[in-house]
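Comments concern the structure below.
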């Protein structure tokens, strides 16, 4: 079970519409079940540094099959996963990465969004992931 | 002068149509004037290893404002730029990367394509770059 | 004194049985006295991001000849080894990495486990390390 | 379609037997359809530098769905893919990496072998890939 490009493009289109609706400029990345990039867009004027963050959020969400923000709660100082960000060539563990499931509930990829507050990033990623 | 996302998406759409027309499965990347990724797609079934190559071709074409194949002629053993691929976290210097110019002739980005023969890769990149 | 492949395979077999017994899906890595990988398995459905973490836990445990969790206590903010994870291409300093000793008490390698809670990861690693 | 751990372990067992039969000491790596490591063994006394080469051969074979030696013919000076090794964090393009297909002919992973001559490396990889 793996995401198709048509699905990834739909997710990006819907996520981009959400980004515009809430007046933000986002980097949006979609990875497949193997955590490899399938599609990406950077909206005009979006933070340049968010390019890598969006891709890393998508990868992180698929690496552990959960929202990136959930990992971040566990990676704080004193928490069980402190320092996990040093693995896998760098993880991003704050909100904005969300797994993508098919109708059967199988995880087929993940979407990562970066360019605004983490709340907005997550909202756009969630909207994208819900598109299929 | 910098490429917009609308322009990058048009390039990818046209390049993807060309890829389908010649029965290939491509990774297609567009970078901006700063050599940073603007848009990317990996067609279903395209070689996984071509993901990184497509992005590196686009970056290489913008790094030196010429087709990647032209650099490759100069980087052969005994030629002036032998070993240049070791710079910039890895260049790809065979055909498939093409600068993108606006109507005034200014270079505003580059497109990189990978997934078939270098002739096909270049043809798809050239078609994409000509779309604007 | 160095671990043999037969020993490493026995550790992985025992660790895998423990992982199944506690209903988890683990990545299990064994490194030798030189901190280089000897054997590795990723159980079907185990987190993809735990691949790198399991290997880094095994290396970390051998790099400093102690359980990874012990290093993590010293790498918290304000503690003596804060930031040590930045060394050696990335350490993992939460539980799940355990040194492997021979009958004479010499350290001959280490095992790293990742795929569940840090308590489960450590339990599986400890079970594996005790197998020889 | 993705390789299972049971399949990967069978491939490694068969490849190891072949390595012993021809009196060599090998590093043997199996990756899945996403080019991520599933299983690995390093035989006692095998070259340490071949650890990374075996893994990179397996990844390279899956990245381009062909034997690594076939890529190497195209990456020589003056050939179309000269310098391709600079992509994907380093490719290995001499023999020893072979795609793994299921009964239906789908590529579900790849095996990489390193530790002897390239002819021996390829023979062991081919034997492993044929095991399923």
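As written, the chains take the letters A, B, C and D, and residue 1 is the first residue of each chain.
Everything below uses one rule, namely that a residue touches a chain if its C-beta (ideal position, glycine included) is under 8 Å from a C-beta of that chain, and two chains touch if they have at least 3 such contacts.
The structure presented is a predicted model; accordingly, all values stated were derived computationally and were not measured.
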| item | value |
| --- | --- |
| Numbering shared by both copies at the chain B-chain A contact, with half separating same from different | same |
| Centroid spacing, where centroids are CA-atom means, of chain A and chain B in whole angstrom | 25 |
| Centre-to-centre distance between chain C and chain A (centres being mean Cα positions), rounded to whole Å | 29 |
| Separation of mean Cα positions, chain D and chain A [Å, integer] | 32 |
| For chain A, residues contacting two or more additional chains | 34-36 |
| Interchain contacts (touch definition) - all pairs | A-B, A-C, A-D, B-D, C-D |
| Of all residues in chain B, those that touch chain D in their complex | 47-50, 52-53, 56, 72, 75-77, 85-86, 90-95, 117-118 |
| Partner chain B, residues of chain A touching it in the complex | 4-5, 8-9, 34, 36-44, 48, 51 |
| In the complex with chain D, residue positions of chain A that touch it | 32-36 |
| Complex interface listing, chain D residues touching chain B | 34-35, 59-60, 62-65, 77-78, 80-84, 86-89, 91 |
